[in-house]
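Below are two complexes that have chain A in common, paired first with chain B and then with chain C.
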Partner chain A sequence: MTSFSGLRPLAMILPGLFLAMFIIGYPVVDLAYTSLQEVSRFGKLQGYAGFANFAEVFADPLFWSSLTRTAIWTVCVVGGTMLISLPIAIILNDDFYGRGLARVIIMLPWAISLTMTAVVWRWTLNGRSGLLNATLMDIGVLAEPIEWLAEAQLAFTVEILVGILVSIPFTTTIFLGGLSSLPQESYEASMVDGATRWDQFVHITLPLMKPFINIAIVLNVIYVFNSLPIIWVMTEGGPANGTDILVTYLYKLAFRFGQLGKAAAISLIMFGVLLVFTILYVTLVTRGDRQPQEVADE
Partner chain B sequence: MQSKLVKSLVYWLLLSPLMVVILFPFAVMFVTAVRPRDELFVFPPTWWFSEFRWENFAEMWVKTNFGQALFNSVYVSVLSTLLALVLSIPAAYALSRYRFPGKGAYRTFLLMTQMMSPIVLVLGLFRLMVALGMVNNLNSLVLTYAAFNMAFTIWMLQSYFNTIPRDLEEAAWIDGATHFASLRRIFLPLAVPAMAVTGIFSFINAWNEFVLALTMIRSSEDFTLPVQIYSQVAGRYQVEWHHVMAGTVLATVPVAIVFSWLQKYLIRGMALGAVK
Partner chain C sequence: MIRAKRPALAVSLLALAALAGPAMAETTVDFTVAEYSSKTGPFFEEVAAAFEAENPDIKINIEVVPWDTLLQRLTTDIAGGTAPDISIIGTRWLLDFAEQGIAEPVDDYLTPEFKDTFIDTFMAPSVIDGKIMGLPVAASARAMIVNQDLFEKAGATPPENWDQLYEAAQKISALPDTYAFGLQGKEIETDAYFYYALWTFGGDILTADGMSGLDSPEAIEAATFYKKMLDEGLTQPSPTNYSREDVFNLFKQGTLGMIFTFPMLIPQLQAEAPDMNYKVLPFPEKAAKATYGVTDTLMLFADSDVKDEAWKFIEFAYGDEWRSKFDHGEGFLPVTKNVAAEEYYTTDKDIAGFAAGLPYAKFAPTIANWEEIADTTVRALQQIYLGQATPEAALTEAAGTINQIRGK
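The block that comes next holds the complex of A and B.
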């Protein structure tokens, strides 16, 4: 039978579905199971423990400080990225000399793996001979080199800034996609009415860009809140757990301290958070077809 | 004309602070990679150095066993990409061409798995690989990378497949071609560019992956590049920064060039087609 119907498509999606279920589905089930077990230091399950692991997690001050820091990390990185990316996208969407080159440079951080970026920044920020200190001393901002990563508050701030830097390209790309789809007539009409560029931004660009801003926020939250490499490579959550977010704390519990039950419980909590944001994302995307219309109706 | 020039100047001026911050680490990377070793830790710190030591690269290659890590990265990235493509192409074709029961649920499943991050599941994945006896085995990475990349590759492929008109295949059927023949002679040749672009992004994802490689691979001769370079920095009293930076240059620059060149195609894979 030659047509685009029948059961053949099920056979086409099954092999891939099977692999995904196995590699992604099984660990979820295993984590849920492990989190309810008492686990020895060597990973042996020692029987049902009820919610003891969760109770232990909630009684752990390091969990709460990591959670707070995760919230700060996510809000600051995503917020900073949004604030910088929208103007950048508006500039790059306009026609000017050297726009191609400007685009390539702005997108550059996306092309490098987070691990490598973090390794390079770790050296750049070296407290003695790092070239950031060299530069700041050369231009007279600093008299003495600064130990950028030795003190938690400062190290975490620097990590947030690096987080923003690497999130800008992706976000700008989403915004560029949105800007290129905006109807040109609205702008021309508003020019006739004597609107300034600021008026246009507030009354045309922002409302029409709303679906893209929503998607960019949700996607960035998903990527940023469980991003390990930057913090892991630059400070490993240190000094003294002062830059730990949930993922770095979870990783230490699981693979350094052998507290598998607790680690499984935290994984499951994070999985829950991830699920909430993913569902939000899926709703935004599947509603997407309707959205520009809704916005125009407002 | 005059105003475009002014506008360009203003724009470049506005963008320049960000550009400096973006280019700064690249400058650090290159300058450190070619520095003589005894000019790394000078005080006060300075950009100045006495000579370009290109030998650093050759030295680094031998001392850090760079070739082995490069081979491991290529092995894992190529095989996981091929596995992902082999499983994704039929699935994407099914999504793009057929109606079938559960299609909506399947699309939702893909969107959800695309957002699943390995780090949240890393403990469960590790226990899975222990159960399979695959810890310290590069094939554990091939399997997991393929599984985590598949949602992206299926989504990206099907958005390209949608742009290939189905009339071509239907016309072939009328001429008596079988389903398999129309696929092989008509559809697949047209889909080659889409598969190539998708494959390259899947390759880059695997190439850059850190957390799973750090977790599954224990012995240094099986390290992939990100873990190999990280291992030269972490927990060492003395870091040979000129070697680390030389390694970073070699590991990132070729991939970065390809990525920058193809990056405009990427947004399709992000499921944003639905927003437009």
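The block that comes next holds the complex of A and C.
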């Protein structure tokens, strides 16, 4: 083990680090460079513009409303996904007849591209010819068809629900992996002590699952924050920009309006927000993890 | 950074050419084709094959791109230094391309005989600062289509003006499960659906002094009229959930009395609702007669290294037999005189109904940042349809934003 001291381990990860920095770093540097330039309608750089692009972004009310909506979108989708995925994973971890089939059903949405899922939902939610309204009216829940995507608030709620649905398979997979690695002895010991299943969940499963929950939160926040297809396909951020999140607004700016400089600035801001979130969250989590250990050591 | 890619590209092309061996003398012309329908790609492949048979040293590389992603695709291609040599674009984007020096003026290539084959009306939108920046490749005009079965059932007569339309609408919407007027409220061309009313009410997108015409009394009156129809249940409910295709689908199902549309709907109607008794009519009038003339442009890229070869192909593709086949296949109005002279365009009552509007057709103004202006208009309309703002407030605000975008 002594051979791993000094510069040697650093030297060993250097090629990988270099490659990663190049792949991740180059687009970011390019983006930062672009965001400080005046950019033509078709992406040709016209010269240094200072922070003009950023000033324009911050003066834009649509940017701020999209930012708020992005926060709501991320918190609701990730939170909802966590709340639903953990019980699903616990159920699927128990051995029961047909578990294999149940697991396949839960994982299936993952196999379909996000865009296709969104297209299917767009049809399903169509007011006059959509399957959902037809079903609800057939079973007598609705008397009149509802136009699910006509108004921003309802449309956004529906989009959040679809967002949760498509995030479940990935999150459940992480949780299933975590659950199957938990030591069975703790459960057996707690049963001897007379713990109920709820006690086991709160005092054994949750604490032991913490690292898996944390990684699921970080990864989901990154995916969901940046997720374009669901909202884009279902409403294109409309009506009247009422369902725009940062990434749909960015897409419109860049590829419809040709404001690539402003779009680059927003893109960089989004990168910054995610970076800060990830660093903060990881710091908080690792600090929280260390405490009990340190207390025990003293 | 962007420049660096060009030598790299050149090197890889050289390498490819070296590998190709005997085909080294071949010149490749990259042609980006906008997909109008499933027939577009095969049609241009056929033209290219015929051209290549006559010109074995030139290869035409066709790339079919859907309209929804065309502008995005061209933007990234241009920014990345891999722009095609020729492309079909919406004429409304042409000014942006011309201003940025992306489009090559074609005056020097265009022989007088070739120029003379085009109908002047369609050539006009491609002329920017006295230079021809592209050739018209497709044209359509808009019109109203009515479902005559519903009109008969309701005892109404197809309208010629907006007052008659309102009366007929009241009768038709009294029928069960029927809406009189289809109102589009989301996505592409939601603004156009409003321009039809704006123009016929006597307004315009831009006023004579170049300011936005959205806050004019005519515009507010037109929007108020749409909103009134919506509130009284004369349109389908919640138009903000209906894209152009959604409204068309309602019409095909026979639940709508009247819609405003383009000629390309006719083949769809014949295929999907063969029993429907429909009729093509001009837009209802109030203060003016109007229709929306839309053209697309074939553009030559200024950066192309094979302009002469590309032009040779363009001249070939504008041959009468090809133009005729293209226009018939896609349901477009002809842009060349020889095709327009065909009997078909006067005897076919559907096409004739659309072509009838051409003398008084309005075109989208050739101005910069058109897409952003259209989006601002759509946002205002959606606020009106949703009842979030009065027509006056929403349109006045939109006009202010548009003037700002235009730097007025």
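Going forward, the second predicted complex is superposed on the first by the 241 of 298 C-alpha atoms of A that agree within 3 Å, B and C clash if a C-alpha of one lies under 4 Å from a C-alpha of the other, contacts with A are read in each partner's own complex, and residues count from 1 in each chain.
Following the convention adopted for this analysis, a contact is a pair of C-beta atoms (placed from the backbone, for glycine too) under 8 Å apart; a residue touches a chain by one contact, two chains touch by 3 or more.
Quick caveat, the model's predicted, so the values are computed rather than measured.
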Can A:R256 be said to touch chain B (first), chain C (second), both, or neither? second
Could you tell me if A:S129 is touching chain B, chain C, both of them or neither one (first, second, both, neither)? both
Touching A:I139 in the superposition: chain B (first), chain C (second), both, neither? neither
Going by the contact rule set out at the top, does A:W110 touch chain B (first), chain C (second), both, or neither? first
In the overlaid three-chain picture, which partner chain does A:D30 touch, first (chain B) or second (chain C), both, or neither? both
By the touch definition at the top of the document, which applies to A:V192: first (chain B), second (chain C), both, or neither? neither
Among the partners chain B and chain C, which is in contact with a greater number of residues of chain A? B
Is A:V247 touching the first partner chain B, the second partner chain C, both, or neither of them? first
Output check: A:F42 vs chain B and chain C. Expected answer is one of first, second, both, neither. What do you get? second
Quick one: classify A:A59 as touching chain B (first), chain C (second), both or neither. neither
Let me check the overlay on chain A: which residues of chain A are in contact with chain B and also with chain C? 30, 43, 126, 128-129, 236, 254-255, 260
Chain A touches which residues of chain C in the complex? 1-2, 71-72, 74-76, 78-80, 96-97, 99-100, 102, 185-187, 236-242, 246, 249-250, 253, 255, 369, 371-372, 375, 378-379, 382-383, 385-386, 388
Note: in the complex, chain A contacts chain C through residues 30, 33, 40-45, 126-129, 147-152, 235-236, 238-241, 252, 254-260
Can you list the chain A residues touching chain B in their complex? 2-10, 12-13, 15-17, 19-20, 22-24, 26-31, 34, 43, 84, 87-88, 91, 94-98, 102, 104-117, 119-124, 126, 128-135, 137-138, 145, 165, 168, 173-174, 177-178, 181, 211-212, 215, 219, 222-223, 226-229, 233, 236, 247, 250-251, 254-255, 260, 263-264, 267, 270-271, 274-275, 277-279, 281-282, 285-286, 288-289, 291
Residue ranges of chain B touching chain A (in the complex, touch as defined): 4-5, 7-8, 11-12, 14-15, 18-19, 21-29, 31-32, 40-47, 87-88, 90-91, 93-95, 97-102, 106, 108-109, 111-113, 115-117, 119-128, 130, 143-144, 146-148, 150-151, 154, 166, 173, 177-179, 182, 207-211, 215, 226, 229-230, 233-234, 239, 241, 244-245, 248, 251-252, 255-257, 259-260, 263, 266-267, 270-272, 274-276
